[in-house]
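In what follows, structures are represented as structure tokens.
Here come two complexes built around chain A, the first alongside chain B, the second alongside chain C.
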Partner chain A sequence: MRALLASLRDGRGFDISLISITMTFLLLFCGVPLIYNAIMSFQEVDIFNLNTFIRPWVGFDNYRALFADATTLPIFYNTLVFVFFSIAGQFLVGFALALFFSLKFSGSTYLRGLFLVSWVMPGLVVGAIWNWILSGDFGILNHVLKYIGVISDNIFWRSDIHFSLWAVIIANIWLGTAFNMILLSVGLAAIPNDIYEAAQLDGANAIQRFRTITLPMMRATIGAVVSLGLIFTLQQFDLFAAITSGGPANSSNVAQYRAWEMSFKEYDFARGATISVLMIGVVMIASIIYVRSTKQEIRG
Partner chain B sequence: MSEGIQIEINNLNKHFGHLHVLKNINLSIPKGEFVALVGPSGCGKSTLLRSIAGLEKISSGDMSIAGEIVNHLPPRKRDIAMVFQSYALYPHMNVQDNLTYSLRIKGMKKKSANIEAAKVAKTIGLSELLQRYPRELSGGQRQRVAMGRAIIREPKAFLFDEPLSNLDASLRVHMRKEIRSLHDKLGATSVYVTHDQIEAMTMADQVVVLNEGEIVQQGSPLELYDSPVNKFVAGFIGSPAMNFIKGIVSSDGRSVELQFKVKQKISLKSVFTPGMTVDVGIRPEHLDINASQTNLKVAVNSMEATGSSTYYVADTEPALSFIEQGRSSIVDRENVNLYVAPEHVYLFDAKSGLAL
Partner chain C sequence: MGNIFKSFTATVLLSSSIIAANAMAEDVTITIWSLDSDVQPAQVFAKEFSELDNGIKVNYRRIQFDDVVSESMRAFATGKSPDIIAVDNPEHALFSSRGAFLDITDKVAASSAINADNYFKGPLNSVSWEGKLYGVPKATNTIALYYNKDLFKKAGIAKAPGTWDELLSAARTLNDPSNNVYGLAFSAKASEEGTFQFLPWAQMAGGSYKNINQPGVVKALDVWKTLLDEKLASPDTLTRGQWDSTGTFNAGNAAMVISGPWELNRMIDEAKFDWGVSLLPVPKKGAQRSSAMGDFNYAIFSNSKHPDAAFKALEYFAAQDHRLFPEFGQLPARSDITIPETGIALKDAALKVFLEQLKYAQARGPHPQWPKISKAIQDAIQTALTGGATPKAALDLAATKIAAVIK
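And then the complex of A and B:
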């Protein structure tokens, strides 16, 4: 008993008890639902057997039914477009801003801090604001585009099937840029200045320095930013709920929003679970890339 | 522009905001010479070096390298190599790629660049390490890579910014010789910044002493040691540092009275203004403990024996330090007789600090 107490106080027992609290929490609230969700995707679930665990086992029927549904593939395609262009936009704008603020002009740190405002705003609020900006009749975006002569007629961003997905992408880029910028700024700040000076003396111009010093030394950070971006964009739900609700005619619907619709609007829990399981697979791959890229960080 | 001058600096000034960090610097460095810029920290020596490299913009004045005015040339167009205190190796490249970086930037094919790298690696003993990354190298090896990266380019001049200060003492002594012999082998022009006067004295052909942004004196190491222009140079060059004692020149001008508690007189090499207040400078190694004659009596306060020599500090105000070669021969610590030859007594103006 005494030995147990002693090890709890300053031995391995303390470490184990700390870890076990977290592990219990994670297993109970993440692990079990994850497995439950995976099991549900192989079962026939309806309103009447929702309260039991033993339900008819249907094998891959739910998966087959999902892919037989004509709306599924367009929705997955939308997801792909949404993820790719959101990440590309967030990364490019974020990197450009990070480089800009790394010039360290007076007031740059305060300005950079201001950019974080977008990151702390709730998605639903951001969505509501973008609804105003994107509004077809009185939105400021249409006004600006018309003023500079890009368009001649109003675009109905949220209700035109050609633009509805892009409406969410634009809002999502705005929402995620600050996070990208901050992570990339940290990566940039970690590159010692004398390496750039050495490269200058070695004859490298600004573009060559960016290509041969900045980019390779940022590899770990970029890997982390992109894989975190993948996870965050696959999680993005609020903006869809606030801006388009996946419509019109599923033109802006994506997998994560579709899974919610299936489960909680159409009460087809099995189909909702099936989509979620497919997404878990993608997120897992992203997580592995993230973990590996942070491991490979270069230290001078 | 005279022939054979590799780096010429005329009336160079540098301001950082209100701070005037380099004041009217004039310096010409002949081709093939090893010049050390030395001074206490904050004297502007690193700023001067970085100005030559183009990493700092100069506020006014002219700078030319190999006959070409470079005031407005960016570092990459100056064809100068620099070895940084931190080495500044590219951490994501192996030694070979670090060495060939400048060549590849210039557009040389990787294959022929690697042949050059192999040659350079051989001269500085890095052949075994070409595939290693900087993080896998010891401090001394990193230092070598930094050197190799500089010499592979055959630049117009080498700049060294305290390159040895991160190495341990024995390696530092070794690298001192190596850098100097490399310089001789390449026939290069080198500018070497250090705060360590021994490094400057042992490596350089010319030593430039800076203080508070000004060149105080320049000359060969022994010139600086033998005839410092002022009290600052006298105190900075030589180790252990020169003793300074307040003194008053006697009425005949041939001797000076040291203002210890018990005043003592020592004779001078020539005649000075009688009654003048001066700072008397005497190097510790010039206070002879075993001479046949004597002109100073002191009591020893502390002594340190290193084996090869013994360092003493006398019980005077200010404390006088002196050295005896070999083991201590003092019998009575309260009564030690010293002798300083008149030619080794330096006088400095008490106000301006200039040598008299």
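And then the complex of A and C:
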């Protein structure tokens, strides 16, 4: 008995009780909804039986119907394009800015802080502003591009099927860059300065130092940033709602927006859940990468 | 002692009978949900009705447009639904077909305040399901063609276009890219708004959602495609709603716009030119007219505990229909109400046209699966207009999808 109490106060029991609080919370608010969502994808769920648990079981019908729909594959392809280019853009611009601000010129820390403003803004507000910027007939972006002579005719960013997805990608890159920059800045700050000094003494130039010191030392941070980016990008919903509503002709529709359309526009909750289940699979893979990359974190 | 006891008993008896009498006179409270704010009809009428000395009190709750269906469904399923709800007309059938709304056919037949024959056919159709009445139209609206008279005069066009061909040729003449003026503005957005704007064209050509791929409808979509291909309308027509499209007309960036009477007040404030309203152009001279029908309906939930009190409220609302336009700028869904002149010449002229157009307004559906039908139509419009398929092929696909839904 005393041993048990002692273990609860300071020992395995204590550890377990701490963990169990978190685990209960996670299971209740993440596990149960996940399983519930998966079950829904095998049922027929409309707005009238949404409140009951006993619903017609339809097996893989929802999955079959989803893939029989001609719009599904283009939407998944759009999702891939959106995720890849959003992350690439956010990461490259964010990394460049992080390196720039790591030069520590006067005022650099304040300027870096200002960049966070974009991260603080709600997605719908960002979307509404980009909506104006990207507007075809009187948008500022077209005006600027015309003025500097890049284009001669207005580009209808939101309404041209060749540009609509890119319109959202551009806005998303702007939105996510600051977050990438801050995380990467932290990673850069953690690299001990003496390594660079030693390399410099050995005659390594800036590019060599970047390739052989910065990049390897940043591996864990980059892994974390990219996988978090994947999760945030797959979550991105507001920008689609505000800029293109997935249109025209689904040319800028992505899985997460389609899932919402299915559930809350067409009231087909089962089909919406089906898309979510597929997306969860992708996020799981990202999470594994994230966990693995943070595990090997080098502590300076 | 005995006397004291007697009088005590009497007091107890007396007071308990007073309590009983109070309980009998206690008001019935009904709940009304609608999206109207405190200066819009549902909430104003509900308050007035509550203040009448008729033993019925009203508990009003305002809900957001996007939440109407989901909130009321959840409430109905858990038995906590309001007594009366205001619901968007294409969604009415979803509820009535599943028995969520009360069949008020007999109540209406016995009522002196509500007479089904007084309502326009379109709105009445939207509250009907299999020959029974499941609600009362709250107000109505439709769409017609607004045109910039100054630009028409400058281009030498005498009157507003009456047919699709005239519309196209007027748009071509009026189109003036160097001055940022498009011939026409409308909305082909991938939302209910797109369906709302396209169905009148389909119906004028003899089609409907049930036969969306017949030649007349294909022709209609062809005209839309021509408008966009020749840049007679802004490419942003594909992603812009009616409100924003009309904004470009008000700013002088479009010579015509297809929209509804809800724009009148804003247009009078914003438009710095002479304008008029004309009936929607038809496929060819003498063809049947049609238009869209918008706005909400009132309905009583079938699990309401006070259906009679709730119906009394609906009767009160219906009796106030003549106030809808003068006080709230909304059109009553009834043919027996003459709308008084406002004294603003542009508005009064426009109103006449909208009232004429209302006679041809058709309800969307009614069908319990309307959102899916509507989505198929939106997809067809968007695919055809972006060149993903020919209008014929796009509408064929829509017809297949709709057939699967309504089978």
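Note that in this section the second predicted complex is superposed on the first by the 272 of 300 C-alpha atoms of A that agree within 3 Å, B and C clash if a C-alpha of one lies under 4 Å from a C-alpha of the other, contacts with A are read in each partner's own complex, and residues count from 1 in each chain.
What we mean here is this: contacts are C-beta pairs under 8 Å (C-beta built on N, C-alpha and C of every residue); 3 or more make two chains touch, one makes a residue touch a chain.
Keep in mind it's a predicted model, so treat the numbers as computed, not measured.
**Q** Given the superposition on chain A, are chain B and chain C in a clash or a fit?
**A** Verdict on chain A: chain B and chain C fit.
**Q** Using only C-alpha centres after the superposition, what angle do chain B and chain C make about chain A, to the nearest 10 degrees?
**A** Once the two structures are overlaid, it is 150 degrees.
**Q** Looking at A:I213, would you say it contacts chain B, chain C, both, or neither? Reply first, second, both or neither.
**A** Only chain B is touched by A:I213; chain C is not.
**Q** If you tally the residues of chain A touched by each partner, is the higher count for chain B or for chain C?
**A** C
**Q** Looking at A:T71 after the superposition, I want to know if it touches chain B, chain C, both of them or none. Which is it: first, second, both, neither?
**A** So A:T71 only meets chain C here.
**Q** In the superposed arrangement, does A:A199 touch chain B (first), chain C (second), both or neither?
**A** So A:A199 only meets chain B here.
**Q** First (chain B), second (chain C), both or neither: which does A:Y36 touch?
**A** neither
**Q** Examine A:W57 and indicate which partner it touches, taking first as chain B and second as chain C; both and neither are also allowed.
**A** neither
**Q** Between chain B and chain C, what is the shortest CA distance in the superposition, whole Å?
**A** Once the two complexes are overlaid, chain B and chain C approach no closer than 52 Å between C-alpha atoms.
**Q** Going by the contact definition given at the top, which residues of chain A touch chain B in one complex and chain C in the other?
**A** None.
**Q** Which residues of chain C touch chain A in their complex?
**A** 69-70, 73-74, 77-78, 94, 98, 180, 189-191, 234-240, 248, 253, 371-372, 375, 379, 382-383, 385-388, 397
**Q** Over in the complex, which chain A residues touch chain B? Could you list them?
**A** 192, 194-195, 197-205, 208, 212-213, 216-217, 219, 298-300
**Q** Chain C touches which residues of chain A in the complex?
**A** 47-48, 50-52, 70-71, 135-138, 156, 158-161, 164, 244-251, 264-268
**Q** Could you list, by residue number, the parts of chain B that touch chain A in their complex?
**A** Of all residues in chain B, those touching chain A are 53-55, 74-78, 80-82, 84, 86, 88-92, 101-102, 105-106, 134-135, 149, 153.
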